[in-house]
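Quick heads-up: structures coming right below.
Presented sequentially are two complexes of chain A, the first with chain B as partner and the second with chain C.
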Partner chain A sequence: MKTGFRYKFAALFTAGLLLYVGIAILGRRVSAAPPTGASVTGTIKLDGTPPHERPIDMSKEPSCAKIHENNPVRTESVVVGPNGGLQNVVVYVSEGLSGNEPASTEVQSWDQKGCQYIPHVMGLDVNQHFKVVNSDQTSHNIHPQPKNNSEWNKSQPPGSQPFDMAWTNPEVAIPVKCNIHPWMHGYMVVVKGPYGVSDNNGDFKVSGLAPGNYTLTAWQETYGTQTQKVTVTVGKPATVNFTFKAK
Partner chain B sequence: MRTTSQKLSFFVSITAGFFFALSCAATAQETKYIEDQRLDTESHIGNLTGHARAAQPDYRRYCVGCHGEEGDGLGENEPWLDPKPRNFTLGQFKCRSTPTGTLPIDKDLYDTIARGLDRSVMPPWNTFTHQQRADLVAYVKHFSPKFQTEKPGTPIQIPPEPAVTADRIKAGQALFQRLECWKCHGVEGRANGPSADTLQDDQNRPIKAYNFAEGARPKCGGTDADLYKIFMTGLDGTPMPSFADNVKPDEAWDLVFYLRTLEPMHTKEREIAKQLGLKPINPNAPAATPEATPTTPTPAPQQ
Partner chain C sequence: MAKLLAVTIIVIAIASAVPIVMHTWVAPVDISTHGPLIDQQMSETMAEAGISFLAAQLILAIFIWKFSGRSKDAKIERFPGGSMGLVLAAFLLVGTEVLALGAFGTKAWAKVYFTAPAADSMPIQVQAGQFAFYFRYPGPDGKFGPLHPDKIDEANQNFFGLDPANDPDSKDDIVTAEMAIPVNKEIHLLMHSKDLGHSFYVRELRVQQDFVPGLDLSLHFTANKIGKYEIVCTQLCGLGHYNMRAYLEVMSQSDFDSWLKQQAANQ
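Our next item is the complex of A and B:
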């Protein structure tokens, strides 16, 4: 009886191992299918009252204070649109990428206008280029503070040429600041593969996906991340909605 | 009498224990292996070759108190120090000859060890032999994985230093205004610009702008070439950015000469500024656009 059990155990173990290896190989083959341009859309909402955004005092920079004279700007830690949609949320694929997704080649623009970053939150693919623009009549220094990439710090006086940069490693998220104007804050969210950033209605779109199962992650600078699983099929865009709870 | 299931559970736990012990040993061995490999780090300064392994006794004797056993800047003296000791594991250094965002070359680290950092507790380690310093450079590098995966940046090109002229000093002043150096350093270089009070380093600790009028040596050296490098490469980890994109290599010398006039020491530049009757810049003057500012000074007659 003792020997019989041992054999049974060994047989079960081997079978399990074979099954595991088989699944691994099969799984790899499935995910290697070429992308067919499927996409995920959705809306991001805020449940509750957004935190109080403080008005920014730009009196130390008269050229910028003048721009916002009649419409004082506030901090942008939580930006809610007229329909309750949450803006500046980056949605990306955290699991399930095949590695065959087309790289984002569009050159993004990181503008400094009225002593604010436009956009306040920018999504980026790894190695996707972006140009840094200064539209102001004052000098800025662009100082991203990554942990997983190399930090740099460049000055950009008024009227100077935009310069081109890219990040080589994924990182959610890189805070960007200007040391001359301490109220200037922004984030660059560097992810592998397709991503979407929600607009003023909270709407986002992640495209360039192959049919399959994915885990989507939504990142908001104050509330952190949320994940959801989604199955994407051909010809029918999947819908995923996220709701962040106000703290 | 033992049942079969008891025997089985005994067998399984013994096996599991064995594999766990094996994996622990493997991990420990792997860490040791990586450490050993890192200790093979070398540095090359001129004809000197530094070996990290050779610097271990020196580091443990002289550096560990501030920079820590792991090189993370958390030595036992760290809580009482300001500025804080450098965290070598980040692979980020203030004093470089390479562009912002890149690793320094070995010579930069070597010079920092020999020069020390003024107004900090880092003294000039000129008590070490050249070989010891080269070894320590290799040891500093071995703490950061960046030095294993990335190449140092290409040092910026510094054209030969021209002669100081009145025109160059005036052009330098125009640059000081256009680049808005005064926002932090103040119109007279007294570190009292409108943004000076809110400056923070990378760990969000308050940091002071350099006060030219104080007569102290800048952190990354006091020669003309050192000043040149400071604003063309930026001091990574601090608010001081790189101006390399907006200053032409030759123009940069003009700014160096103007900065010399802000120092209290008797310098040739100060003498010329006095003769010129040079007044501090007026930050409220009409916005200096690049078109309006003469960015390329007319060649000045030699004085």
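Our next item is the complex of A and C:
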């Protein structure tokens, strides 16, 4: 008699639990975020002559110098593509985020290759993971210098495993240097919400936005920031172009 | 047993002297005008220290051989004149030897440090910083522009902190990562450190000079053999110390001129 009651109780309890979980899941569905399929695209241009970018002499590190033997590397403070597009500009939403934007989950790669950082500028969502890779035949010591996040530096001998990191606070921008090779420099731009980084044509895309009004900020390592307001609707991506003036 | 020890000591002493007397390990090629003096000083020191070493080992072996068979009750002989005489004799002998080495060495030392560089020597500034050397040539005006440490910007290759926009003397300064020099031309090296202690060492040049933070040091030398040599840091300076080096290229005057022109175009 007592055993039967126990089974009944267990069955009822399980059914109740399932019902609760079901309602919870359905409830989540009901109160889910508004659609975030809208996006902003655009092109970044440079108005004027870019500054002279000096060639980098890597003779101290023969394994890297050899890679660039026929194609010397230059500094990358302003990189202009063949069509006049400005590369390495990070565009992000500085105002108007609803907080429901999907987090960027793609694990980015920060490669140390030929004694350069590839990419030179990397956009990141807060808490978005990135892998630090050493593809060189020499040791590197990566040293990001944040102000709003905790600072660290790590040595990576050749052939060592990539390691995984993330930044917990937004910060525009974190300079990254190599403690062994003084010429190695790059930036990590940590923002909340979606972002885009311009390519060699100056084109960028910020996706994952809900329809609404936003302020977009474009950041360039030498020229600083610019902002523009934009209204985003579902369907057709909104277009915003930025033009930086050469100093 | 003791006699065996005496023989072993002699064998070890002679065996360790053989490669040095036979010049089994030769010094790296010397490419400087002051190098022969340093090499001569090294071999004099080696000869003197070597002879003293062999003599000491021989005396030690003789004593072991001679007095090993003594009975426990044998009287201990005293050194003539007592211990005071012995100490004085040793003190005078070693003191004279060290002083003599120093006196003969002044030649080599003074040639680099106590004489001024020739008026027509070529100035090159070298800056050591974790973990690379950078060099600066004054350009056609022959003047180095002032340094502004706050303007150091490694991302843009401004390692020295130059401000060519405001300092006319800096406009034509040439900054390089490699040190090229013309052969048979006296070089006046002006050295400073950006951060902490480093050292400038080129073994073929017979030059080794520490960088001391806060001090402007200078030395001068003339290289007389064309070639490519390594400049290394020989003062432990941190995690990248093992990798802190640059290259010295001794070139003919015409090669040097075109090299410098090329470097100037890269600024």
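To be clear about the criterion, the second predicted complex is superposed on the first by the 213 of 247 C-alpha atoms of A that agree within 3 Å, B and C clash if a C-alpha of one lies under 4 Å from a C-alpha of the other, contacts with A are read in each partner's own complex, and residues count from 1 in each chain.
Everything below uses one rule, namely that a contact is a pair of C-beta atoms (placed from the backbone, for glycine too) under 8 Å apart; a residue touches a chain by one contact, two chains touch by 3 or more.
All values derive from a computational prediction rather than experimental measurement.
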- Put the two structures on top of each other at chain A: do chain B and chain C fit, or clash? clash
- Query: Is A:Ser63 contacted by the first partner chain B, the second partner chain C, both or neither?
  - Reply: first
- Query: Touching A:Lys154 in the superposition: chain B (first), chain C (second), both, neither?
  - Reply: first
- Item | chain B or chain C, by number of chain A residues touched | B
- Query: First (chain B), second (chain C), both or neither: which does A:Thr75 touch?
  - Reply: second
- Message: Is A:Asn141 touching anything from chain B or chain C once the two structures are fitted on A? First, second, both or neither.
- Response: both
- Query: Who does A:Phe163 touch here: chain B (first), chain C (second), both, or neither?
  - Reply: first
- Task: In the overlay, answer first, second, both or neither for which of chain B and chain C A:His181 touches.
- Result: both
- Query: When the two structures are overlaid on chain A, which partner does A:Pro55 contact: first (chain B), second (chain C), both, or neither?
  - Reply: second
- Pick one for A:Val234: touches chain B only (first), chain C only (second), both, or neither. neither
- Do any residues of chain A touch both chain B and chain C, and if so, which are they? 60-61, 138-139, 141, 155, 179-182
- Task: Mind listing the chain A positions that touch chain B in their complex?
- Result: 1-2, 5, 9, 60-61, 63, 137-139, 141-143, 145, 150-161, 163, 179-182
- Quick one: which bits of chain A touch chain C in the complex? Just the residue numbers, please. 54-61, 75, 77, 138-139, 141, 155, 175, 177, 179-183, 185
- Message: So in the complex, the part of chain C that touches chain A is made up of which residues?
- Response: 129-133, 154-157, 159, 176-178, 238-240, 243-247, 266-267
- Query: Of all residues in chain B, which touch chain A in the complex?
  - Reply: 4, 7-8, 92, 100-102, 146, 150, 178-180, 183-184, 194-195, 198-200, 202, 234, 236-246, 287, 289-291
